[in-house]
Amino acid sequence: MRIGIIGAGGMAAYHAKGFSLAGGAEVVGIADPNVQRSEAFAAMHGIAATYRTMKEMKTQHPDLDAVSIVTPNKFHAPLTIEALQMGLHVYCEKPPARNASEMQAMYDAAKRSGKLLMFGFNNRLRPESKAMASYIRQGEVGTINSAQATWIRRAGIPGFGGWFTDKELSGGGPVIDLLHMIDLALYFMGGYPEPKCVLASTFHDFMGNASFKGPWGGIADGKGKMDVETACHAMVTFKSGQCLTIRNSWAEMNEREVVSVTFQGTKAGGKVERLFGIDGGVDETSVDSAVLYTEEYGRQVNRNIITEKMRRWSNFQCDEFCAMPGGWH
Amino acid sequence: MRIGIIGAGGMAAYHAKGFSLAGGAEVVGIADPNVQRSEAFAAMHGIAATYRTMKEMKTQHPDLDAVSIVTPNKFHAPLTIEALQMGLHVYCEKPPARNASEMQAMYDAAKRSGKLLMFGFNNRLRPESKAMASYIRQGEVGTINSAQATWIRRAGIPGFGGWFTDKELSGGGPVIDLLHMIDLALYFMGGYPEPKCVLASTFHDFMGNASFKGPWGGIADGKGKMDVETACHAMVTFKSGQCLTIRNSWAEMNEREVVSVTFQGTKAGGKVERLFGIDGGVDETSVDSAVLYTEEYGRQVNRNIITEKMRRWSNFQCDEFCAMPGGWH
Amino acid sequence: MRIGIIGAGGMAAYHAKGFSLAGGAEVVGIADPNVQRSEAFAAMHGIAATYRTMKEMKTQHPDLDAVSIVTPNKFHAPLTIEALQMGLHVYCEKPPARNASEMQAMYDAAKRSGKLLMFGFNNRLRPESKAMASYIRQGEVGTINSAQATWIRRAGIPGFGGWFTDKELSGGGPVIDLLHMIDLALYFMGGYPEPKCVLASTFHDFMGNASFKGPWGGIADGKGKMDVETACHAMVTFKSGQCLTIRNSWAEMNEREVVSVTFQGTKAGGKVERLFGIDGGVDETSVDSAVLYTEEYGRQVNRNIITEKMRRWSNFQCDEFCAMPGGWH
Amino acid sequence: MRIGIIGAGGMAAYHAKGFSLAGGAEVVGIADPNVQRSEAFAAMHGIAATYRTMKEMKTQHPDLDAVSIVTPNKFHAPLTIEALQMGLHVYCEKPPARNASEMQAMYDAAKRSGKLLMFGFNNRLRPESKAMASYIRQGEVGTINSAQATWIRRAGIPGFGGWFTDKELSGGGPVIDLLHMIDLALYFMGGYPEPKCVLASTFHDFMGNASFKGPWGGIADGKGKMDVETACHAMVTFKSGQCLTIRNSWAEMNEREVVSVTFQGTKAGGKVERLFGIDGGVDETSVDSAVLYTEEYGRQVNRNIITEKMRRWSNFQCDEFCAMPGGWH
Amino acid sequence: MRIGIIGAGGMAAYHAKGFSLAGGAEVVGIADPNVQRSEAFAAMHGIAATYRTMKEMKTQHPDLDAVSIVTPNKFHAPLTIEALQMGLHVYCEKPPARNASEMQAMYDAAKRSGKLLMFGFNNRLRPESKAMASYIRQGEVGTINSAQATWIRRAGIPGFGGWFTDKELSGGGPVIDLLHMIDLALYFMGGYPEPKCVLASTFHDFMGNASFKGPWGGIADGKGKMDVETACHAMVTFKSGQCLTIRNSWAEMNEREVVSVTFQGTKAGGKVERLFGIDGGVDETSVDSAVLYTEEYGRQVNRNIITEKMRRWSNFQCDEFCAMPGGWH
Amino acid sequence: MRIGIIGAGGMAAYHAKGFSLAGGAEVVGIADPNVQRSEAFAAMHGIAATYRTMKEMKTQHPDLDAVSIVTPNKFHAPLTIEALQMGLHVYCEKPPARNASEMQAMYDAAKRSGKLLMFGFNNRLRPESKAMASYIRQGEVGTINSAQATWIRRAGIPGFGGWFTDKELSGGGPVIDLLHMIDLALYFMGGYPEPKCVLASTFHDFMGNASFKGPWGGIADGKGKMDVETACHAMVTFKSGQCLTIRNSWAEMNEREVVSVTFQGTKAGGKVERLFGIDGGVDETSVDSAVLYTEEYGRQVNRNIITEKMRRWSNFQCDEFCAMPGGWH
């Protein structure tokens, strides 16, 4: 399978490494309007060709099968739609888009094209998530009544004035950036149940305060915009009777960075969790767990599931399909 | 100060012990329609007189100053109003009432009588709560943006078919029974801010399942009603811009019993927490903590506050006034 | 049910307390040739009558239903047989007897009498044992291939020269005294499978060395015999293909006192374990656990079972029959 | 000293690294019938020459002093005997052979040749083992009455159908593969005491079940044989009165991978232990300990010995002779 | 042996309990100028007679053998000397006296009288201290070069204005009150070596600050004096070449209450330590340890000594003589 | 800024790496009388030129701005003075000199030259030290009454007979080598208060004993001198009324390597600490902490300060001036 990478930013390295490890995938080129950056990237990752645009890449590689879109969020929708229209499968980094209408357009384009559109929800492929999904699929959890999706940081704003904090470019702050656990909870709850009511509050404290900056994202030149939230609390009820509580923050006076989905089912509850040693820390500093809470023969039982350590690029060794509901091709 | 206890059930023992330890308080009698029970109670606690009704007690003790009402929830409002009308101060066990209209009538009666009406929110007097309140009062936390009030049990339904599970008598399940943390969060957030929007879901699983019964509350004869919720998830937004997330359960597939308020302020966050060794366990098995999350000189800091161990009857050695907002007399 | 206790030694107190808590049991008397001891015991436990012999007790109480035999091991067989012949049910302290031929005689007597003969294997009724038995009974463990029965102490010889260390009176040392885990393992393995081959080694070190004495059992006058083993290691294979490894010690250079059965089944393994804080410690110092080792959906899983704390007298609140194989009545 | 390596499989890399670190050793060539494999190995490890056979190597290097034999177990005996007959010292990977008669032939050949025959029992050279051996040698342990040799894995079968699971090639399963602790226990017990009686049970569950495969050893093509045990339990008594209990498994429903020798002596007990973080894990994930259990001035004492971290290739920096009893040259 | 207790304050209860448990001791009376207090004490502890003075007691009990002096420090010297002159053995609570000249007079009186004078250095009899003393006595530690004696509290001033804080009555603050570890270190160092040089600093912060009051010692009426130190740091060198560092505090910004002696010898080092759960806490909340640091066969080793839990009154079950150097009778 | 490194020993690598990471610094050459060593160093670190002497370097680089002196201690004073006289700024490794008179001469030379003289007290720049200094500077600690400076090793002598153990070359043992915590304490106490009295003891045990050698420093040829102390205990009082207790050791029977400053102030106490996993271990094995002990609203509070991990070369990214008191230029 011949693949092109669109965008030579920080996350692209994980895509390049992932494709190199996945059997059957070949990266034929990297496209980025910043030629210097794409050439440096190509050199470092042993990629043969660089292009300014996806279109140029497709022209040079008529047999291109798919693209991996790794750009600021603003470009997800137009590039995805363009790629699908060119007959390419698309692997698009998360978040899918900046808002629902962009998402709808992408969805429609995928439907029309008959091509596969998949998003970078790599947290579904964490060993803990996959383990938990097995129990849910087999009916051991029953119906999930309630769930809590949490990705909170204490001091982890990704720079001040870069594209992350510019709503026009990003679509929003931590809810957009750290939406993995919301996705995972909805996936666990049975294929994205239909919402009935949403209640949410956002806060904007600590933006621009250097004590709350995370380890990645440059300080930027301070001239950029900082018009996104730093924290959000929300609750969603669903037509199915289920409910979901959401917490996302880049900066909030919390104990530590917590990444987790917990849920309470009619037959069992559970938790998949990653506790970072330090905010925004690398995988090696984290403590990961997957536990199922059950009742067996009249006693309460905690099932600790032994899993391997997650690695960031492992999502490219996919063994299951991760698309949004509906199938999309 | 001359005090009468109304109701000779399980919690009354804490009231009797508390009054005996509080200087200046004298328990003059116990009133309960069940004569056998009130006499046994009087004998065990060294109380001189027993009565069938509060009225009878007041007649015999014209100099009675106050009553402590320790009955099923249904009787809180009528007994409180009757006592206030007789010119007595009232210490009423939590919850205040079964619903808002009962509460309003109690409030009005207190206002009219000029007497003090106080509720058994003893968790405000936990050492951890009092410590945290000091910081909040001194402005070290800033404005609390968001808070989480949690009292969840995994397997702690107080019997099947007694008054706890009968909505007519109790007014509701764990939200009514374990409302301490909701009270504490609202107290911390600055005197019960005015709600703007409430979203809530309740669940009824595990009711009647013996594996989910807690250590207190008899099984009852099974003929009583079991028409209250076993778990609730809710979110409240306030006109002040603040928000509160609530979890209460008697029975839910959770990890363990957790009793806590956490909050995120504009200057500091914090947590007061009690983790029980076993669900519904006695105080001695719990791990209690009070921590403040601050930023100092550009670094994140956790302040661990050293407190003594809470004892249940300590709320009677009150050193601060615990009434609902408005003052009430 | 009318019960008599035979023997007023240390363990009899647990029997008296247990019967007082078990509904429907009434202790009518205590028999012991040492009158002073039986009278002190009766006074302390509120027992109405004392006798020198079981026979005397039966004569005075023709309606006696059962006896609890709590004597040095030498008397288990003759007293049990005598009681069965008098038409009494028998609850006999462990070990059943000093050797296999005594045991056979007791078994035969029980068969002939049609009365119930039960032994004090209270470790089957530990919360952890009962929990584990549920899984085994339900087939979740499959066939137990191999098991390890362990009750080892580091420094816990029950005195020097009393009846515990006199083979004529006791029948043996720790294998006889601490045989609970052997019983529990055989119970778990499916009703006492038939042995095929036994290999064992015993050791006699540290006998008489005060550094290795446990907290109970007096030093005695040093004139008594000390002719039993202090440690034993053994392996048993069974005709079923199963095998069992055994460790028992009163005194051996081990890390600490360990009381456990571990097993490896064709579908799951497991462990019930009690680790004492100090050798021969009281129940309150122990750490107890029950864990099942399973494989679920391709992953290894540890199921931690939450149980209440065991109390020594709880074996008298029996809810299951604990007799040796064959049924016996 | 001029050395040749025979066999270019996975373990050979440790030999090459070890010899490169040991002063005075020079690796002159690698012999393997698979030319491609030996050439790749030589290139990676900077070895000058490759050969198809040991004989060819010896012919080219008449001054060869010794060989290191790193082949499937079937070839240990014939290659060792051939080497000894050519006048070479031999370092042979463990296990010595597939069975006792092969072993006897190797022993006889060594005796006849006057050359040194040594086996890869590198666990004798773990820092913990060496520390414990010091105490034993100095008489601080007294006589070891009993010992337990344990190397058990929960899910660690080295592939299905390769040479490890083929009895013809390997001689057996985990008892053969993980025999290090048996060797270490016998070494501690005083130079391989003479057995008196052996009782053993083997089991074959989980063979071919992918959930029980370890991290090394390929899946193989499934066409190979899988006729070895997956678990073994055994007990050996010795003419000296000592006894040894053995557990070995590749796949068994155990808690985790445990590698240890514990023993109980007449003066002290002890334990050397390696607990792996995950089954078959690398050294870095393990927790290693060496503890001596003693009695001093009437009190029980645990001596925790501080050791460095073991590294796999350290066995080539030998400072003591590790041969089987008898000396062998 | 007939004993009288002099002084009916708080510590006297431990003396009464201790004597009742020690075989052969009989408490014949209690003397205290405060009659009400002595009568209450006698009633509670079952003591037959009360007196106003020691002299009165001796007159009534000509066969009195010994007295236990449990008074404010000011009275230790005069009462001890008076008792010795009356021909009584004396057990005097710590500290021996307020200063060296009082001590000298007591020492001289003991010498002259030929009677035994012993002080309440009960920390020498802690199980940890006795264990460590065994090693020192046997020469396993070699010469102690240096030691650290530490009893520091963070918030433990024994009231404000009682006799503890009045220098005239007490002789000093924490150095006088918490001198146990200084005594223990000097005892370990080989019988009170002769000082060569002393350097010390005292501090007086937090006196009168309620946040730094401990759990015992009343607040007093505030009219008493508060002229003693709250913390002291000191170093002593000895003519033997040894040195000792001392820390004592009632109130100092320390982490927690620590009670320990650590030392570094020419052959081994060691530590006996008690860490209190809360400042001034009861014995049950403490974590106690005794560890020896040795070098064995070229490796560093920590010997953890297993001891029973200390109980405060156990010093009356003395099995060794605890007098100051010189023997004293 | 153009910098030369003087001395190509082990620590020079940290200097080279540090300068390469600090913006604006350029290393123009390395000077060492051992040409082979300086050329190897230059090759490894990409340094263009090597010289035999500092003078030679200065001649070749007339525009040299500063030198970094990384030599045995004996040469610190003469090289520093020579460099200052040549008009160079000097960064001199710790310790400043072998004794006070050398130090005075260096100080005078710096004053005269008007150039900056700074020492390698990199522990002031540990994240924990910088955090603690912020609180002290802001007055949150009040006056530090007392402090404890500790750098003790159990088995960490840097070789036998090299320059570290030769007093002529080094000036002394661990007090000289591990003086960082003394410097840090004096810095915290308010700019090197003026001493009033010093009391100290040194010990020389374990010198030459291989069991007490640390991981760095060669064994040397054993011909060199070993005339420095292995351990020191000291106390200093200051004219300000403050006091400091000091412990330094390379070899002493301690529990483990501890590196810390603790202090007790009139408003708060604190601790910065590094506990090494193994003596002389690398940074990665250490556990670092910074805690402030305060009293807030009547309760004792521990403030745990979250800091990043220290890296050894980070002292070259200086953001504050680290010179001795007086400013020095």
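For reference, chains read A, B, C, D, E and F in written order, and residue numbers begin at 1 within each chain.
Here is the rule we use: a contact is a pair of C-beta atoms (placed from the backbone, for glycine too) under 8 Å apart; a residue touches a chain by one contact, two chains touch by 3 or more.
Since this is a predicted model, take the numbers as computed values, not measurements.
Enquirer: Please identify each chain that touches chain B as well as chain C.
Expert: Intersection of chain B and chain C contact lists gives A.
Enquirer: Over half of the residue-numbered contact pairs in common: that is the test. Which of E-F, A-B or D-E passes it against A-C?
Expert: D-E
Enquirer: With chain centres defined as C-alpha means, what is the inter-centre distance between chain C and chain E in Å?
Expert: Spacing between the chain centres: roughly 47 Å.
Enquirer: Let me have the rounded angstrom distance from the C-alpha centre of chain B over to the C-alpha centre of chain D, please.
Expert: 65
Enquirer: Whole-Å distance, chain C centre to chain D centre, using C-alpha means?
Expert: Distance between chain centres: 42 Å.
Enquirer: If a residue has to touch 2 or more other chains to count, which residues of chain E qualify?
Expert: In chain E, residues 298-300, 302, 306 touch at least two other chains, as defined above.
Enquirer: Chain touch graph shape: choose line, ring, star, complete or other and state it.
Expert: Its topology is that of a ring.
Enquirer: Would you mind giving the ring's chain order, read from chain E onward, with chain F coming straight after?
Expert: So, from chain E then chain F onward, the ring reads E, F, B, A, C, D.
Enquirer: Touching chain E in the complex: which residues of chain F?
Expert: 145-146, 154-155, 197, 199, 201, 203, 205, 210-212, 231, 233-235, 237, 241-243, 245, 249, 252-255, 264-271, 291, 293-295, 298-300, 302
Enquirer: For a test of understanding, state which residues of chain A touch chain C in their complex under the given definition.
Expert: Checking each residue of chain A against chain C gives 131, 134-135, 138, 296-307.
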